[in-house]
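There are two complexes below, and they share chain A, which is joined by chain B in the first and by chain C in the second.
Then we have the complex of A and B:
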């Protein structure tokens, strides 16, 4: 096996172990340094370790086989860069939040690195077995990350909920894999693609596929597997929530794209309406439930459910344009959510409650933080010139011609548009609290550390970059989805494969 | 960088410069903002003057590719036709005035000027965009500033409600329109939202009737909501009532007109069958604006709400001109757009002054203020008279032209419009002049002050002067917009192109062009 293919994963694993070991020798007061080391390490891997995939290469392959468990192609490289950047920003955010975590900060960093490792493998999973292994690595590290604040019941509760529900989802998934293997005789995506025509009529195969999808939907927090998200988001430490919102969701997205469009595109095309219905329900559920929330993290939890629905919309389009829209949207979401959570974690590091009112007066206490939060919220709400606007545009664009031809998908589109208007209400509610919240008791300026400034600068610059000059990323995401083979449903074949 | 591009970029650059200045340098931030506004105004004048009515349809164009992937491409295409040039000039003028009247903003003034300049840049970009994606993009760019400005510097108990209502309503309207625009992109087969390319493509392969039946209502209702088309209008008076005067000026005066421009440029010329089917509906809905909003304006006791409702009533004339689909009617619509931009902005500047100095806008409590404020009072009389259609102001020219244009297709609605515009408008405008300016002066306001000094008076004088100029020389605008509108009518009513040609002759004749001002 050519081990140079997985060099990024090896480096990240070594970095994680290194941080864990360094903890043994470093005196307590200097452990904060580990955050910088971890961030620098991830940055080095990001800038040095990543190479463009010139051609599709497989690792962990059986001798003589043309395909393997692990694939390195455009899509994998795109998502690996995505996960490395997300981890970098989360680690920077953690350095600010560290005092709240108490002892064991260095374990937090190494856990983030191990979760990152799982995500890197997920980006390359070309086999149900590697898919499962990667997801379990992510889930188990997140159980610990979520319950990291042992002094808080809410945090423990978040960890336990994630553990139990995550384990249930995993159990379904393994069962589904067994059924798929039993029916198709393979777990490899390429080999599944070769037999999907025959398998399309096999109830056992389809049942297995549905169960695997259930596991992925759990990761992405799609209806009807969304119930865990608000509680876990609210209870977990802010950096863990941020990584969960971005990294874990994106891992679900890349696996979903690979499974649906790589392994079983024909069957996926038959499920267009089901997926569309789920997307609409997810969007409406997330948006409607976010309205009455007072806790910022819980609100963002519901918002992440709604956003999962928008991501699924790109899958529903069953086209490459939709898939590259998903890639763009999730990239914009990365910068947006991390900018938002950085601001939130700075504020939470100073107060115990994460009620919306703790944002009151922010624009006077720190205009920069308030500005960054407003930019992030505008991006989430889909207002130009932010990344979220272009992302939503790219996701909705392939849906409109479908909606014109299919009344059911027209209803899905209407639900998505209604969701945008509703989301405006609660995102702008956060902006309102920051700019003219009532009853401000404390007007002391909020100092910000360099780490936070760097993280915010990257976040806001990313939001504006993708919103004002989106061409570069659109160009990059188009070849990345080349490996996917989405198929338009038979009835709509005339609309073509765009 | 050509003239149009510099015009759009100027306020955005100024906003960036203000961002770079520390917040406690208040004089510097205001200075930069004013300078940016002045440069914008000069560029706006230059664009208007250099536009050549006998030249090609779109002038001073620039095209920057924005997204050019294999599956989808978009370009930032800026340029002006006569309608765009007129709107850009009036936008620049109102923008400068809005900055100038904001001297009383003391809290977080840096943020205020940044937002105001971004709003101005968004408005200019909207009117200069020949690409519909960027039309939407720039129009929405002004949304977040509006929200924050109403919230932070707004007044009134329900400013929260008003801020959310205006934001959600406008988003909903814009999204419906966006769905229509995306539909136009994909279903037309043009794979472009560039107006020029779309027109070229659709001239060869027109949209099928079923597609038009789906797209036209999206555009009409979506863009109509942005203008305040009855019954989707209730966001406007409340939002304006609570907004700081600069925001209300920009929004009521300028941004609201973007929807009308879109109807003129997109809905009419590209979908003739949609026009045939939906224009009678629009004609009926505009009666809602003319009568309903007129009557509600009559009942208002708050001066700001009165102005807000009356501005919706005036939009009825603009819609009526569009519904007539004749060159005369559309020319009238553009005249109404331009002069109402000045009128609405001027009204909100006046009410902003009154609110700041008198402390209330409740008409029952005011009175006799003309004695204390001869200048502001005179400006208010002028603009309220213009509002009820007094000849000599731009509004009369516009409204009269609309009624001439619409007579053929909808005589009864013209009767209602004349009645609604002149009688109802006269009732509430004159009543409010009486209760605010005339009568006994309550003692508590014995010391309120007038706009003193040329500097404070300048923005008011500019806008009032613009109204008078338009009333006397409407042909400066009509001459520039007429070729573009003739083309619109030709495309919207291929069958009636001949009738339109005679209508075009009517506008060109000195008779109509001169009439409104002479009387």
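Then we have the complex of A and C:
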């Protein structure tokens, strides 16, 4: 057993426990320092603890097995760095939002660290059991984080909705895992890959797989499991929403990639059309429903649904190019969403309403915040030279040859392009409010703390860096997906084959 | 000549059914607390059945978790909600009919499954859920999920305390 592989997870768990315990001895007025301690700890782990995975290493194997339930490979390292960076930015964002959180600030930091722990394990899950344990750790932590503002009904509502719907999704997933284990006799992804040919015709195995996918789709907020997202995004405290949008979604993405392309690539290839249809519906649903929204957080909730659809598009391509496109897109999404939510949480720390009109006059109150928001929105809309543009390009490019050969996938591609055009409208609605919003009563400048400046700087720099010089990340994400084995669907011998 | 374990099986099975019946349709009392107490007895008799299957650990867990922890929760809910009107409630014909249909369906599936099973598998290896074996699996192959779940329980505990704290500031 090679337990030294999980050193990063152990450090993060110790950091979380340390923050939780430090709260007991620190005087109230110094508790805000804990945010800096947590951020510094995550930064140290990010820069020191992460090493490139030279080769695929397994840990926590059954005695005598070649493979284990924990895997450390390029994909795992890529996503671990992703999650650590996301948590770092979220903690920096929280230091600004802290006065609104009341007495539980240090618990908030330690819960963010525990959610990060779950995500780090999810990045390395090579077994359905570990997948479930990691996802549950993430879900339960987010239930608490979402309902953290107990003085607000909306926050309690968000927590309760996430709890009930999340528990339902988990129940489906566990049932699905039981069916998969019953049919295949294993929960390990490598062992599942060895028997997938035989399992392709087993209805019990396929039903189990569909139910596991339903649980993952819930985490990613894909249609038809998206209904929770707008309410939960709107009600939760802004830093929790940001972490939910980036971290929880990315955990779903990495598990989806591992399950579909690591464990059952042949079956995944047969489901190309179903997944493509879901991606198109998700993009259109998210984009169309975002148009009439007035609440910033709700709008970003619908935008996150649409973005989940784009991420699924990279899976539909059933190729390594698509998978590495997913990695690039989700990285760009990290910087973009965290920059946007940092601005939103600074504004929400001053006002209760998150209506679009609260952005009015932002360009005069704080040019830096308005500029960062504009860059983030342009990136979400996919305007060059932002990260979002390159990301969408990399996701759509592998779809083009497929669409040329397959009319259904051509429709999916068209839906994705229509979604991009629609999204321009509502993203620039936010920019318009920030720069040209009318009827501003209060033009006092908004001061920004160092933490916010650092978080915004990282976010904007990341957006521009990925947009202008995407090569570095493309070169990092290409070897990361080497462990995945997506299979192109067999040429369709039956016409009208689903 | 029936084995003593067979006699014990019929005794425990009969008790399970009897207590189960008394739990849902007690002719003497309509008090929910009485029903809950009969549910405890049902669970204990089922633990006896697990012992007969050599699943000692499962039997112990059944009593500890279900008869202990879960039943305390049930009693809390019953007493907090103060279900007086439950005692006066009339039988609902529609619910009775639907319940009957559900029971008939389940019984049909059970009978069908029993009839289609071939009772030749007398040499099935005895699955013994001993604690040693379970502990070995839990702390070797499944050590990592086990530890993650312990963090999960910590998070749940912190969350409950946070969300139920009186003062907001």
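Here is the rule we go by: the second predicted complex is superposed on the first by the 491 of 498 C-alpha atoms of A that agree within 3 Å, B and C clash if a C-alpha of one lies under 4 Å from a C-alpha of the other, contacts with A are read in each partner's own complex, and residues count from 1 in each chain.
Assume a contact is a pair of C-beta atoms (placed from the backbone, for glycine too) under 8 Å apart; a residue touches a chain by one contact, two chains touch by 3 or more.
Here the structure is a predicted model, which means the values were calculated and not measured.
Asker: Going by the contact rule set out at the top, does A:324 touch chain B (first), chain C (second), both, or neither?
Answerer: Touch status of A:324: first partner only.
Asker: If you stack the two complexes on chain A, which partner ends up touching A:428: first (chain B), second (chain C), both, or neither?
Answerer: first
Asker: Does the superposition put A:489 against chain B (first), chain C (second), both, or neither?
Answerer: neither
Asker: Which partner chains sit in contact with A:137 here, chain B, chain C, both or neither? Use first/second/both/neither.
Answerer: The second partner, chain C, only.
Asker: Is A:103 touching the first partner chain B, the second partner chain C, both, or neither of them?
Answerer: After superposing on A, A:103 lies in contact with chain C but is clear of chain B.
Asker: First (chain B), second (chain C), both or neither: which does A:417 touch?
Answerer: Touch partner of A:417: chain B, not chain C.
Asker: Would you check which partner chain A:18 touches, where first means chain B only, second means chain C only, and both and neither mean what they say?
Answerer: Neither partner.
Asker: Which of the residues in chain A come into contact with chain B in the complex?
Answerer: Chain A residues touching chain B: 320-321, 324, 363-364, 367, 374, 378, 383-385, 389, 393-394, 396-397, 400-401, 404, 413, 417, 420-421, 424-425, 428, 431-432, 435-436, 470-471, 474-475, 478, 498.
Asker: Can you check the complex and tell me which residues of chain A touch chain C?
Answerer: Going by the criterion above, the answer is residues 6, 13, 20, 59-63, 69-70, 102-104, 107, 110-111, 114, 117-118, 121, 129-130, 132-134, 136-137, 140-141, 143-144, 147-148, 150-151, 159.
Asker: Give every residue of chain B touching chain A within the complex, in rising order.
Answerer: It comes out as residues 23, 65-72, 108, 111, 133, 136-138, 140-141, 143-144, 147-148, 151-152, 160, 163-164, 167-168, 171-172, 175-176, 178-179, 182-183, 185-187, 211, 214.
Asker: For chain C, which residues count as touching chain A in their complex?
Answerer: Residues of chain C touching chain A: 140-145, 148-149, 151-152, 154-156, 158-159, 162-163, 165, 167-169.
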